[in-house]
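Provided herewith is a single structure, encoded as structure tokens, for subsequent inquiry.
All chains are identified by letter, namely A, B, C and D, in their written order; residue positions are counted from 1 within each chain.
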Amino acid sequence: MLNAQVEPYERLRENLSQRDRSLREKVMTLEEAASFVQDGMKVGIGGSTMSRTPMAMIWELVRQRRKNLSCSRAITSTDGDILFGSGVSDHIITSWFAQGILWGLSKVMRRHVEQGLARYEEWSHMAVGMRFRAGGMGVPFLPIRSMLGSGVMDQRPEAKPIDCPFTGEKLLLVPALNPDVALIHVQRCDAYGNAQIDGLQFMDIDLALAANRVILTTERIVSNDQIRRAPDQTKIPFFCVDAVVEVPYGSAPHECFGLYEPMLKHMEAYVGQVNSDPVEGMRDYLERYFYAPKSWNEYLSLIGMEEVLEASQRGRSIYND
Amino acid sequence: MLNAQVEPYERLRENLSQRDRSLREKVMTLEEAASFVQDGMKVGIGGSTMSRTPMAMIWELVRQRRKNLSCSRAITSTDGDILFGSGVSDHIITSWFAQGILWGLSKVMRRHVEQGLARYEEWSHMAVGMRFRAGGMGVPFLPIRSMLGSGVMDQRPEAKPIDCPFTGEKLLLVPALNPDVALIHVQRCDAYGNAQIDGLQFMDIDLALAANRVILTTERIVSNDQIRRAPDQTKIPFFCVDAVVEVPYGSAPHECFGLYEPMLKHMEAYVGQVNSDPVEGMRDYLERYFYAPKSWNEYLSLIGMEEVLEASQRGRSIYND
Amino acid sequence: MTDTPRYTASEILAILSSRQLKDGQVVFAGVGTPLLAATLAQRLRCPGLTILFEGGVVGAFVEPGKLPPSTNDQRCTKRANMVLGSADVLLLLQRGYVDIGFMGGAQIDQFGNLNSSFIGDPAAPKTRLPGTGGGNDISSLTNMIVAMKHEKRRFVEHVDFITSPGFIRGGTSRAESGLPAGGMFRVITELAVFGFDAETRRMKVLALNPGVSRENVQDNTGFDLVFDEQIAITAPPTEHELETLRMLDPERLFTA
Amino acid sequence: MTDTPRYTASEILAILSSRQLKDGQVVFAGVGTPLLAATLAQRLRCPGLTILFEGGVVGAFVEPGKLPPSTNDQRCTKRANMVLGSADVLLLLQRGYVDIGFMGGAQIDQFGNLNSSFIGDPAAPKTRLPGTGGGNDISSLTNMIVAMKHEKRRFVEHVDFITSPGFIRGGTSRAESGLPAGGMFRVITELAVFGFDAETRRMKVLALNPGVSRENVQDNTGFDLVFDEQIAITAPPTEHELETLRMLDPERLFTA
């Protein structure tokens, strides 16, 4: 029963052989891309904490009122609040879940978990990474040397402690995680989905390889010629990708390396509102920023031109001497 | 006994804690760097086939008449001939060993292996990679799904077939390989050893992390400021590195991505000579190109200005539209 | 057929191999004929064919006259979409992203097992061959096309050593060995095109090359061949195929 | 001591923590006080200190006034030597390249075990805390320095839940759990500097902060403290330390 969570290899291969991996254009809208995410699916989320969060895609899933998604992410920030608070997800697999170190505990996460409305499944950060990596490698597990002896391991019967058949040492085998869909935001990709990531890549490469479908949102769609001029910088090959959506500022109010830093005034106002009342505060926030706007650009204009420009100025400064 | 080849974790950690990993300049000569390689050691060799071979370091080890080295490399080309033919090595762990597909079988390899003078330990290419990767990750093994059912597996009792504890599937566990020393050639690094690799990286990153010592040879030593301007391009961090040697054309007559292609006239003459007489032909080649020259630059001048320049012209053309 | 252009055995091998590929496929190609045939397919009919190389390359477009001497040379990266580690490009096969593996072969048997390691007893070999390279991984993890010279000593009942597994001992033995995915799909020689029986997993002749008889093929094969019920005759290389091939390999590195 | 400059509890925490680091070390730093203290050490005494961040950064030099809000933000990469994957930077710990892990703590016990997951019964917690992040990995795989506020409810006999292992149940229990390397090295608070007994692995006071008595420390601690035979008194923060610290964090994000 516990083992049922590791996809048998034949099913993984069968899924992949059914998928159209040919070189083809796959540019579409957020609305169209959302059709890859069905209620109850396992959804892997790229980026980490407040960085390269695929916020536009999450925003669309909230608007389309998906539910019962089982989400996984390196580290979960306000994206996790939104997923729980909107009812889109009732299960998050991650290593850390709060709004950000600056703001202490998330009252939204606490309410959902402490009241049993949703599950926060905790793994060590490296274990989350190795679960995606095993999934991307097409193997059912990888061995690690952390979590041993801790309460974190005790809570995770899904992992198997073993004595190493080579050395006799204690090791923990963590099971592969192959999400049904991955949502990943990148700086640029071509119409086929060859994606280039600048700066911190987090666990996105392993996640893209592990998932059975990948939705890429991107700040820019560039030509395939431009990709081919810097193949070192390509981090995700097109045949892992099923949808490409161009969404400038697609991580707002989080950051995207080299382009914009987090929009902290908006974040602070958000945190103040939802932590003072995790039910009404969240309902009001979602209504105002997620359900009401007619488009992503309208959402951005609610965050405000000044804040967006100021975040961009800080974002670009990483390349300044 | 077989398991003895996997380093116990405590010994690995002890070795690393004894190593000076501090930020310090470590520029030295080929002669000085060779002192890290002692007779009988396990030596990992970077690059693959005719690409980014650390030829200058191999040249130095031949001149210093090291012996009984157990060498490992992704794919072995004329470097393997030289290692066997000079007596430096009597054991090579690799997936493919010939001079190059253009020239058929290596008579030097054949003579040594068929006459029992040296051992060619064959693993699949992915298995070699996973052995270095396990070593670099600090785990005793990694699971793979190849080699099963083949003669290659039958020849390798060092690997362990298992039934997966999660899925019941057959898997092969390949043991970690942690060389005593790795020899790696790169396009550029700083005096601390922060190394940037352009183009194909082969298995060099895993190898650098796995080895207990790393000797870097480099086409150029650049400033640490230059490294910090493009941290995405740094592939090996300085604390893995014990020696930095600046050796322009340090892979000759093999290639170095973006700088020079293989010097095929020299290679063809070499192959003709050693395959027509693997004993005398090799002896003569080593005498002329390895023992006689007073310096690496003199070795290059024996290959010849015209060939070096022509290889450079072809090498740089990879960046032409 | 006086209008049929003249071609070498290597040329018909490359051309017939290229015809096995379909546009849109992801193909893992070995050096030599496979690389040449995949590049030929890209130029002729399959602009959306994606070629992967063992050196760590996704989506290469090799330049005419600049065929790489191995799949680990920089020439393999020309106009590539992505470069990555050698182990990582092989892991793409393990995960299942690759449609076809495409290799040459030194020795093959009736179940499509390939030997490139030993002639004679592995403990005291008559000849130590170069070994597997990525061949074992590729043939373990995906569907295979093999292009090779047709000689009796190369087409044997049982290989001396299984370097790259085909269907092992036939029937379900491949899956039982731990290889549930992939397997031999086609073998192309200068004499014929072969497939494998769905049940016994024995090699069978699907089509004869132009001007080749059943007897020609059997005489050059070291085991009893099965012939498909309906044997096709392959269309000869066209002028366009030959011209394009010769443009790609003007120095005849792989088509002599 | 009227000449002693005035400082906050957070400031002495950062300054005393920074004094624990040595030039040339490779330090894996968490966000907040650890990041600030490691950056302070770099500026004051340890120009060759290499800072690693969980987001995937080797050798960062954080800019004054631009402290990152998490270790996954782009600011962590400023003037870095290398960026790499989040799992890969943690694997450097597993391999053994890191000298010191440096974290904050929510709750600690006498054996240096840290809890940042649950207050109360994990099955029905009073408070669900944020969780481990990289904390479990770091404390499992290297030697640890922990900087935290000294409160009775934070210094407990046994943590409610071991998120990041210290010496588990003391003695040899850490190694027996499968963690042969690393372990708690120092705990720094605004009251004192702690080490761990080599045999029992119980926390012990090594030095008192200026103006702090043994009773102060014991009164704020939820278990019986062991005091080292020779208790030192830590030198107070210098003007230079405080100025540099305030230059690094002018908005007092982490030193309020």
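Assorted remarks:
Throughout what follows, a residue touches a chain if its C-beta (ideal position, glycine included) is under 8 Å from a C-beta of that chain, and two chains touch if they have at least 3 such contacts.
Everything numeric in this text was worked out from a predicted model, so none of it was measured.
Looking at chain B and chain D, the chains that touch each of them are A. Across the two candidate interfaces, A-C and A-D, the one carrying more C-beta contacts is A-D. A straight line joining the Cα centres of chain A and chain B is 38 Å long.
With each centre defined as the average position of its C-alpha atoms, the distance from chain C to chain D rounds to 58 Å. Averaging Cα coordinates per chain places chain A and chain C 40 Å apart. One simple way to say how far apart two chains are is to compare their mean CA positions; for chain A and chain D this gives 29 Å.
Residues of chain A in contact with two or more other chains: 9, 138-139, 144-145, 169, 171, 199, 232. Within chain C, residues 77, 83, 91, 94, 180 each touch two or more of the remaining chains. Chain contacts in this assembly follow no simple pattern; the graph is neither a line, a ring, a star nor complete. Under the contact rule defined at the top, the touching pairs of chains are A-B, A-C, A-D, B-C, B-D.
Within the complex, the chain B residues that touch chain C are 48-51, 74-75, 77, 94-98, 100-102, 105-106, 109-110, 113-114, 120, 122, 124-130, 132-133, 144-152, 155, 161, 169-172, 199-203, 205-206, 255, 257-258, 261-262, 264, 315, 318.
Within the complex, the chain A residues that touch chain C are 9-10, 12-13, 16-17, 21-24, 136-139, 194, 209, 224, 227-228, 231-232, 234-235, 237-240.
Touching chain A in their complex are the following residues of chain C: 23-26, 48-50, 58-59, 77, 79-83, 91-92, 94-97, 99, 180-181.
On the chain C side of its complex with chain B, the touching residues are 31-32, 54-57, 69-70, 72-78, 83-87, 90-91, 94, 115, 117-118, 122, 125-137, 140-141, 161-165, 168, 173-174, 177-180, 253. Those residues of chain B whose C-beta lies close enough to touch chain A in the complex are 3, 6, 8-9, 138-145, 160, 162, 164-167, 169, 171, 173, 175-176, 198-199, 232-233.
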